[in-house]
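Shared chain: subunit A. Partners: subunit B in the first complex, subunit C in the second.
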Partner chain A sequence: MTVDQISVTGRPGTDASTARTTPAARPRISMTGRRHRAFYLFTAPWITGFLLLTVVPMAYALWLSFTTYDGISPHWRYVGLGNYSELFSDPQTWKSLGRTGLFAITSVPLSILAGLGLAVLVNRPIKARGLFRTLLYLPAVVPPVGAGLTFKALFDQNSGAANGALTLFGFDALGWLADPYARYVLLMSVLWAAGNVMIISLAGLQDVPRELHEAARIDGASAWRTFRSITVPLLSPVLLFQTVTGVIASVQTIMPLLLTPDGTTAGVTALPQSNYLYMMHVFSQYFALGRYGYASALLWVLFVLILIATGLIFRFTSGVVFYNVDPEAKK
Partner chain B sequence: MHPRAGTSLGRAGASLSRRRFLALSAAGAATGAASLSGCAMRVSSGVSGDGETVTVMAKPDDISPELIRQAQKDIGVKIVTVRYDITKLIGMMTNGAPPDLVRGVGATDAPYFAARDVMEDLDPYFARSGVLTSSDLDPVNDLWRYDGRTQGKGPRYGMAKDFSQDSMFWYNTALFDTAGVDYPPETEPVTYEEWLESAERLTRRRNGQTIVFGGSYQGVLTPNLLASLTASAGGSLFSDDFSRIDFTTPEARKALAWYVEYGRSRVGPSIVQPDPNAWDGPTYQAHRMAMSNSGYWLGGLINTDKKLAPLSRLAPAPLFAGGRRVSPCQAGTGFWMPKRARNKDAAWRVFEWFFGEGPAKARASGGWGIPTLKSLRSLMPAQEDYQKRVLKVQNAELKHFSVIAFTPYASADSLYALFNQEAPAAMNGHLSVDTLAGRLNSVMNEQLKRGKEQVG
Partner chain C sequence: MTATRVTPEPAPRVRIRVDRLVLYTVLVAVTGLFIGPFGWLVLSGLKTPAELAASPVHWLPAHVQWHNFADAFNLIDFLGYARNSLVIALIYATLVTLSSAWVGFGFARLEAPGKKTLFGVLIGSMMLPQMITLLPTYLIFAKLGMVDTYWPWVLWGLAAAPYLVFLFRQFFAGLPRELEEAAIVDGCGYGTIFWRIFLPQSWPVLSASFVIAFTWSWGDYIAPQLLLSTDRSTLAVAVMSTYVTSAGTPVANLQATASVMYVVPILLIFLIAQRGFVAGMSTSGLK
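Moving on, here comes the complex of A and B:
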């Protein structure tokens, strides 16, 4: 503790007896100390939650990944890296990982494009703009379980509205929830929640200085050129954020789970192959087959892959993302 | 999917009517208690739970709020329910705070949990009980026995709340008339081959959509169904020590081939043509399903529909040509007590009350299953002609009841998941039955091997 952090109570006019009867003065803490204390106080709930609800479960999962534990049986054992080596020879792991990658590179650009398109539309001075913004955002606040059940009902082959519309126009009904159409239903379910992307893009659009657009218009730039050369670069940090969070969310998606044919835990493996993504494989190993150890290994591998993917996205976008302030200027 | 397998979705359609029924029957039970108790109510084991709280892990349909209030009134025990969830159950057991009673499917859960030594042996409680006496217990309760090797023998670990012979099927005579198909006989079983042929003739399609399903045949859970089908063909799906499964024996292959053909023909719901309702009730009730592989319990729904009930008939479990007549219970859903339950005496008092007193009588008279106490059989609904007719068929079928033991080394869910993983390709015509049988043997035996290692 330094001298300037503690003020002595020996102020002029204070005699010894007064000093004795006065409660011990609290040491004065410097501004930096106060800032540190405030920082830790305010972040303590989050740090506690992070430690208890993220670090501890992750550590527990890491420990599980070295065992054959199934949650209930008495004779589990350590298998070292056995679960990790099994993972490399499990064809379902690689197939589901491939599908997940394909899903991510399809669904993320689609949802960003759809959300950005909607944001551009509702950013224009149109009538009832507030109403349109609300309506377009509304599906995003529908709980995923509700959305999943709605999609199952809509796309049921024999009683769904989608086939009702097709047969009305003389077409044959399609098996929407089976291959090869199930992947499109899954993509539609992603686009269903494009309101989330829209709302963030809208905030970004409103941050683009109007004078830049006016200057471009005076210079004779077309709307598309203005959008491409001014709006998109200024929106690029928002788009990067949406790409990173979108990739993480799509890799971890459990939406197909809500489309399981019979609604049971074991029904996850009956999903059409195209919708049997990596998290479905994890889910089936955990809860249908009771292989807690192996499923934990799958999750840890996914965690590492997400870290790598995020790093790669930052690496490859560093030259194209435009920041209003130089992120390197002050650290 | 059969709702008695325990899917929450599966019961969704039935829950309202069942709850309503239970609410009404609670009042009925109160007024009629004197007369009923005169002949059936006996002295409990002397175990008192008065003033205690018992935690029961169940599904909403198992114990309704009305029933919880009734328990407080009848036996002074406060029941706290936790929604059934296997993951939550494992978590609670791992933490040393399991529920006092847990819902379970006797046919598959009993050997699985008993082999892992987490179930309380209830024999001492049964021995002391005046309500649940061994002589009064229906043989279906043997599904809850396990001697360390075989299901059906040894200590009792639980009890079924009601049961059905789940290979039987209901049929809608109006849809048979429309299609010009002869009704299945009510006394003698049809063959599975005949059943499928009728289902194909009864199915009506338009523009790629199925307007009327010819028949649903999915059992309670596919592994139990396949074990039952194999038994009906005269074989056994599991090896004698239950450590292996074999789909390549002639009997098991016949069963598997039939079920694949059922899925391929699209005459009813299956994993390749799922029913959005997840159970047969609503489709059957809407006259869009000619045959439903559901046991007596579906009468609980049918009896409430005055138009449907006279048109509906119950038929014996089919058998394979050249096979043997078996009519097992594939579920036997009930409750068990974890070994580390904290409030065992009070839990037993709830157990006795639920399985032998007011709620048991209400269930018996509702038609949602056959009572698991012989003394309650007289309460089964038989007021209307159609109810008498159904009861006659059901009583005749009881002679063919048998317990088909299930492996303790894997949960039914895990085998079901593995079946779902492999079978769609065959049902879609991309895989031969023999190849499927080989693949099922491979993945399921791997799971059984892991389970055997875990059990020790």
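Moving on, here comes the complex of A and C:
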């Protein structure tokens, strides 16, 4: 404001005509300035928060990753890339990374297929459609702790319904929450929330123009053909979004921890091997061992890997994903 | 819709009826599969410890142990933990809804150099793995002496959530231009325009945002587990780890009852606010 005022009032104009035009010109000059300043004022909370609560912590973690900091010992020192070379030669890093990759490439496609299947099912003209939709979506609303305890109850060695059913049909009871079955319980606990994909796909399905389906039917296309050639392409932006968020969610899931008897971050040592995912490796270094420096190096490697994975997903799908409406025009 | 076919088939009526039968059977079976696990949790919470330990499995409790609810309530300071959860969730949801609306207004209605880049960063930051940033943030909060206080949730609330900012931006961008033009001519500042004109229009988004943020906070486990001592912690943490006898053996039936009591409020909030909640979810998904 002050800059504008100086430039306006400082202008040498003594006769009445200029004096009268200045007030009219002033709002126009300051209008854009006001809008600019207002924009930064309005976005300031997020910009500040992003810098202080995301950029600074990540930079701090990067700095720690070059040190032996453990939060207790005052004699921590700078070790350069020492943590990174240790990390790459640690078999646990590679094993847990492999398990995480396997978990992501099974859980994400399965969740999407399940969610898509549910969406198609409840998009039909059926009775009590709203009720079915709500019931199928409800598990996705259950908080992680609730989901963890639910699956612990369901797959408990003695009191679980899963072993109850197995023994009922003459099979032996299984130690579901231990190796090697724990991974399947983990997978099922994730699939339980497939309602998320269902709800979002459902919104997409309802946007598919009716005429397209009618035209396909008149041409004699089968239901499967219509689904593959019309529904899936039109849903592809939604499916891409689900893939990206699904991969990110599966990489950082804490569900393995919630399925242990203890469940606290200290309980990370009690994890069955098959659920010892990369994030759990980070947790055990961070909380069980207090190796903040080394664990920060692990975090940064994961962060870079996620960026690469996200970039690759976008790259490989750029030709496949079909935007019905130009996404720019929609904004 | 599948029932209407172009090619004539023998006895179409029967086919339609069989199709429907198959459809509803599948539908009921799948729904049972999704509701079943939670049903089992409820059942487990109504049994005695002996029934839970018995083999083979007791499918139904011999006598429904309604008093498990009262016992689960009294074994730990359930109300105290619930109050902590509620206070944190209310602080966070209120602040983050207001700050996200404020930022969303900026992105929807104002222009400035660098806006496109900033918006790109906002969208990109939605995909940042939060668990990765949380761990170093925790160390910083510990250094600043904010462990065992609710300040972290105040800060997270004030910082706006990219996801909710996007929700508000989409809504505000869809409102007509004339809405603020008259106010600008009248000499109102953008703060007034936001507060007096835009915010009162956005009740559906405000409530959706509040409900979404509330469920995030209520469901959050790792942040309170790291940042709060056991006494000041939330219900999520308490339900997970405090249902043990003095000897340290878990009390499985009461833990199940407690987790039902922990989950049901969220389910109820969802059922009440379903429309806005689902609309919010879908907007973000369709981008």
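The definition used in the following text is that the second predicted complex is superposed on the first by the 277 of 331 C-alpha atoms of A that agree within 3 Å, B and C clash if a C-alpha of one lies under 4 Å from a C-alpha of the other, contacts with A are read in each partner's own complex, and residues count from 1 in each chain.
By definition in this document, a contact is a pair of C-beta atoms (placed from the backbone, for glycine too) under 8 Å apart; a residue touches a chain by one contact, two chains touch by 3 or more.
Note that the structure is a prediction, hence the values are computed from the model and not measured.
Steric overlap between subunit B and subunit C is present once the structures are superposed on subunit A. Contacts of A:Leu289 after superposition: subunit B is touched, whereas subunit C is not reached.
When the two structures are aligned on the shared chain, A:Thr68 is found in touch with subunit B, with no touch to subunit C.
Of the two partner chains, subunit B and subunit C are each touched by A:Ser159. In the superposition on chain A, A:Val268 makes contact with subunit B only, not with subunit C. Of the two partners subunit B and subunit C, more residues of subunit A are touched by C. Once the two complexes are laid over each other on the shared chain, residue contacts for A:Ser229 go to neither subunit B nor subunit C.
Touch criterion met: A:Gln252 reaches subunit C, while subunit B stays clear of it. Shared-chain residue A:Val141: touches subunit C; no touch with subunit B.
Touch criterion not met for A:Ser30: it reaches neither subunit B nor subunit C.
By the document's definition of touching, of the two partners only subunit C reaches A:Met279; subunit B does not. The superposed model puts subunit B in the path of subunit C at one of 4-12, 22-30 or 238-246, which is 238-246. For the contact definition in use here, the residues of subunit A common to its subunit B contact set and its subunit C contact set are 71, 153, 156, 158-160, 163, 167, 173, 261-265.
Contact residues on subunit A toward subunit B in their complex (touch as defined above): 68, 70-77, 92, 152-153, 156-160, 163, 167, 171-175, 177-178, 261-270, 284, 287-291.
Every residue of subunit A that touches subunit C in the complex is listed here, in rising order: 34-43, 45-50, 52-54, 56-58, 60-61, 64, 71, 118, 121-122, 124-126, 132, 134-139, 141-146, 148-151, 153-154, 156, 158-161, 163-164, 167-168, 173, 192, 195-196, 199-200, 202-204, 207, 217-218, 220, 223, 237-238, 241-242, 244-245, 248, 251-252, 254, 258, 261-265, 279, 282, 286, 292, 295-296, 299, 302-303, 306, 310, 327, 331.
Residues of subunit C that touch subunit A in their complex: 1-2, 6, 23-24, 26-27, 30-31, 34-38, 40-41, 44, 47, 51-59, 99-100, 102-103, 105-107, 110-113, 115, 118, 121-122, 125, 127-133, 135-137, 139-140, 142, 155-156, 158-160, 162, 165, 173, 189-190, 194, 215, 218-222, 225-226, 236, 239-241, 250, 252, 255-256, 259, 262-263, 266-267, 270-271, 274, 278, 281-282, 285-287. Across the interface of their complex, subunit A is touched by residues 1, 5, 7-10, 86-87, 90, 93-94, 113, 116-118, 206-211, 271-276, 278, 411, 413-414, 416-418, 420-421, 424, 447, 450-451, 453-456 of subunit B.
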